[in-house]
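To start, I am sharing the structure in question, which I have written as structure tokens.
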Amino acid sequence: MIHPVLAWILLMLLLAVEVLAALLHVGWLAWAAAPVMIVVVALMFMHVAQESPLRRIFAITGLVWIAILLSLGSADFAARHNYPAPQQVIGVR
Amino acid sequence: MSRTSTVEDLPPSYLNKENTLFSWLCSTDHKRIALLYFGSITAFFFLGSAGAALMRLNLISPAGALVSHEGYNRLFTLHGVVMVWFFLVPAVPVTLGNFILPLMLGARDLAFPRLNLLSWYLFITGGLITLWALFWGGLNTGWTFYTPLSTNYTNGHVVLAVVGIFISGFSSITTGVNFIVTIHRLRAPGLTWYRLPVFAWSLYATSVIYVLGTPVLAMTLILLAFERIFHVGVFDSRIGGDPLLFQHLFWFYSHPAVYIMILPGFGVVSEVITAFSRKALFGYKFVVWASMSIAVISFLVWGHHMFVAGQSIYSAIVFSLLSYLVAVPSAIKVFNWLGTLHKGHIQFEAPMLYALGFVGLFTIGGLTGLFIAALGTDVHLTQTYFIVAHFHYIMVGGMVSAFFAGLHYWWPKITGRMYSDAWGRVAAAIIFFGFNLTFFPQFVLGYYGMPRRYASYPPEYQVWNVLSSAGAVILAIGYLTPLFYLSYSLLRGTRATENPWEATGLEWKTSSPPQTENFRHIPTVVDGPYNYPPPHSPAAPRHG
Amino acid sequence: MAEPRGFQYASAAHETDTARAGMWLFLASEMLFFGAIVYVWMVLRITHPQGVVLGTSHTNLILGSINTALLLTSSFTLTLGVMRARAGQGAAAARCCLLTAGLGVGFLALKGLEWGLDLHEGLWPGPGFAPWGDDVGGARLFMCFYWVATALHGLHMVIGVGLLAWAARLAWRGPMAGRHVTAVEVVGLYWSFVDTVWLVMYPLIYLVARP
Amino acid sequence: MIQDLLTNAISAITGLHLRPASSSARETDALLFALIGGTILVLGLVFGLMLYYVVRYRHGTKASRDGSDAKSWRFEISWTVATLVVFFGLFVWGADLYVRLFQPPANAIRIAVTGKQWMWKAEHPGGQSEINALHVPINQPIELLMTSEDVIHDFSIPAFRIKHDVLPGRYTSLWFTAVEPGTYNLFCTQFCGTDHSQMGGKVVVMEAPAFQNWLETSRTSVGLVAEGQVLFTRYGCSGCHAAGQPGMAAARGSLSSVRAPPLDGVYGHPVPLNDGTVVIADDQYIRDSILMPARQIVAGYANQMPPFAGVVSEGDLVRLLAYIKSLGANR
């Protein structure tokens, strides 16, 4: 097991990468760094690798269900075109 | 054994261990918590039924015989909110499940007994808050809370009701976590997965939906309350938000919630049919995996509530296809129950009659589901009484029948007393008849286009409405009957033996009612469920 | 072997294991809770791409990034606490818990400051909304998302700080056997989870759509 | 009353009021009847087997139970596959219909429909507008472009077997070709608040010449009446006074729950007052009743209506009068 200090240093580096990516408009890098950070936290701080299979299944199930929600749920909005109708607009200058 | 013996004469059990109010309200014993739940959901059931009765009374006349439009809107909102969130969703798991599951597993309690007690307090707190909102000022949004009606155009206490539902949602989550962990961690020695009774499997499947669906509802309700309080939010079409987003989020929970309501029913009926056919469940593994696949696929079909709501037609097509997929496991179950009856030794005690009624009514409910899963016909039938009839066949004809089947089946175990089987059979028959008379006409009304949630209607719909209302009277009598003979049984019923039905399952291997620790010694399981031996001699009565 | 507290368990190890399993399952539930708000963001990104860009451009990247660093550090200190607890060093574990809680309070304080600046800048989506550009409506929707997401994450942090205080008290007082370790471990799981939630929110709020 | 009930019964049981009246309705019905047929078959099978088994294998009968624990997976696979195949067929059939319901033909006439609590407004391409009614020619594709001014509504015509939600902030559409002349119910089928069940009207399908005639005649006077009806809802009159639905008003009139006199067929007719006199409901009477309702109370009602003097402008009063006048023919 890697010492948590190394994990912390790695996370700080990744955070720097993320911020730089956003400032330099490298969108995909900001996208890519976040999952890596989450994996690092999960492995190093939450000890997912050492957990019993049961608890890993619980965690993975949560992710799978989020995938269902995001994919099936956003498919509608991606595949639909709304024809906006005029209506009263509130509070905009 | 005398019929008039009092609690003090009984052998020690969870019922007579300590009998102060405090000892009940602070008990972490799953059996006592189950009884707390029994009391609360019975109250909610009769409250919701009273709302339904008033609605049916109002609809006798086309102009509305009883209440104003606003009054009617409040009635059906009350009926829907109370029945869905405070009766159907918790009903079987928190009562029968809470009581029976640890017994079935050969466990002394659930994994987290204090969490279990907390879940009851959350439930009852949420319930009371919502009731307050429903009665104090009233609520007229329907149980679905569609935006923007609920956020900007109603003057009911939406936020308060939402808070109540949110809190009781926590109760669902904690119950689900408790059940799943218990089934994983607290099975008796030798009780492998494929030796688990189907009821335990179905509670597992239900809990999956509790745990993974309810949080999405919670977030949806928060977003709804935000928009209602601050008059701006993500569903607000005036700034480009989309009311359909609310519907997506809402049905992501609320469609699987339908399976929360029916899955435990599948489990109960599998237990009862095997016990009274004296035969192993036909296709046990198929029934088990049908339950589990329903738990998963039920999360993939929510869009079928929105076929005419303005979602993309591509999504609608995908959701229609997936909806047909979820119907397959349900069909498998019906066939397997029939297979179980085949070459059994069938007896007709009250639980069996309720279970057979369940199979019939659920089949009708399921088949009419095909009408509205088909896109072309859904366009005509959705939002009409056809929908109302369809889901009542599943929820009331199916689920409530299953609840009664389980209640009668495990009543001797829970209370230690027998009830009048003859009265049980009479009530089952009345309920079956009354139910069909109430809801079958609504299929016809739906086909003729009568919209749901109408306080008044064109006169050509009157005949079928009157028929339906007449059925409701019979149904009400059917539901009140058990209240009487079961109460009588509580006070004066004959003592139940350890296993009055000679059924398999660990819950029958301890005293009736069980002691606080459930078992004197944790049993070891050596064979699969429903291992019924051939009856001793063809005509011998099994008990009495 | 230590006796379990609940009579339904065979051993203390059985009980600890079960508690961890329960926490993981609860976290799966929490994932879906925050998954729903991520879904809202995704829909806004699809339906109002310019509005989301406009909204993101007004968020406070500096404070957000400092907060992310604070939170990552707090997860790290709590991991040290769990190691101490497992090694039987109750007082050290309690100190780690308190340090973590302190970092959490720091996060919340900065978040409060950020909210104050946001309000001052007119980022509340109601009347008086300040940002101006393409698709102001979309920017207001994004800000609805922003306030709900950060408030709910903040609420989880507040609960987490409370749990840390509880775990620290147990660790401080008790002989480090049985449930005290469990408490620190289970709270540690929760805290790191809230941390990962922020790791999702942070890019969604501050980075991905930054012009 | 009894006679009414009987007439209604015959109509209700036979479903005469709901013969398919559009081109797509017949297709929808075909699928529906196929589904009903299949349902009856399966129900017959399930109930039949259940009854047969419980009788034949009831406890104590001598029927053979040999081989009851035979392998089951063959059965399982075969009925799973069979249901899958049938379901897939139904899906394709239903989806085909649905997709065509979303593709209006190019020559469709476009009518704009606006829903608001609790009324429908339709505007024809020639500028004719109507409230809670929709006149359309026969055998001509019609496309409705619909939007809502407040909450979600749903425009539903059961005789055409179609409906679609009407949303605020965007347009949705619905199309049909009516094939049977007649008058059909129009409903709002998405719950929209207090008077949801009153938010309906009639769809009138006319032969082409009659429709042309209707277009000509309704170009003029409809404006004031339509605006009056909007005001009738906006000022809250519709909350208590039934209007515009003669059947409903008649049904309401016989009941004690009515809070205010219905206004259908009032204009130009005698009105009994609770002081025993009878007046003719002319312009002056209607005007006075709006501005100072307490002065003349209709027999059998208590005065609960607030005075509208100073609330309703003169221009609005003219429009309200025009609308109430138009109801005079509804007796």
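Should a chain be cited, it is by its letter among A, B, C and D, assigned in written order, with residues numbered from 1 in that chain.
The rule is simple: contacts are C-beta pairs under 8 Å (C-beta built on N, C-alpha and C of every residue); 3 or more make two chains touch, one makes a residue touch a chain.
This structure is a prediction, so every number in the text was calculated from the model and none was measured.
**Student:** Please identify the chain with the largest separation between its CA centroid and the CA centroid of chain C.
**Tutor:** D
**Student:** I'd like to verify one number: the distance from the centre of chain A to the centre of chain B, where each centre is the average of its C-alpha atoms, in whole angstrom.
**Tutor:** So the centre of chain A lies 36 Å away from the centre of chain B.
**Student:** Between chain C and chain D, what is the gap in Å from one C-alpha centre to the other?
**Tutor:** 51
**Student:** State, to the nearest whole Å, the distance from the C-alpha centre of chain B to the C-alpha centre of chain D.
**Tutor:** 33
**Student:** Would you mind listing the residues of chain D that make contact with two or more other chains?
**Tutor:** 168-170
**Student:** Could you list which residues of chain C touch at least two other chains?
**Tutor:** Within chain C, the residues that touch at least two other chains are 17, 21, 25, 28-32, 35-36, 39, 43, 47, 126, 136-137.
**Student:** Quick check on chain B: which residues sit in contact with 2+ other chains?
**Tutor:** Residues 184, 212, 216, 231-232, 237-240, 242, 244-245, 249, 252.
**Student:** If we use the touch criterion from the header, which chain pairs count as touching?
**Tutor:** A-B, A-C, A-D, B-C, B-D
**Student:** Considering the complex alone, what residue numbers of chain B touch chain A?
**Tutor:** For this pair, the touching residues of chain B are 184, 208, 212, 216, 231-232, 237-240, 242, 244-245, 248-249, 252, 299-300, 302-303, 311-312, 314-315, 318-319.
**Student:** Which stretch or stretches of chain B touch chain D in the complex?
**Tutor:** Residue positions touching the partner: 61-70, 72-73, 140-142, 144, 146, 148-149, 152-154, 237-238, 240, 243-244, 277-280, 282-283, 286, 307-310, 313, 316-317, 320-321, 324-325, 327-328, 331-332, 334-336, 338-339, 341-348, 356, 359-360, 363-364, 367-368, 370-371, 373-380, 382-384, 444, 447-449, 451-464, 534-535, 538-539.
**Student:** Over in the complex, which chain A residues touch chain D? Could you list them?
**Tutor:** 82-85, 87
**Student:** Which residues, counting only chain C, touch chain A once they are in their complex?
**Tutor:** Touch residues, chain C against chain A: 17, 20-21, 24-25, 27-32, 35-36, 38-39, 42-43, 46-47, 61, 65, 68-69, 72-73, 75-76, 78-80, 83, 126-129, 132, 136-137, 188-189, 192-193, 195-196, 199-200, 202-203, 206-208, 210-211.
**Student:** Quick one: which bits of chain D touch chain A in the complex? Just the residue numbers, please.
**Tutor:** On the chain D side, the touching residues are 147, 149, 168-171.
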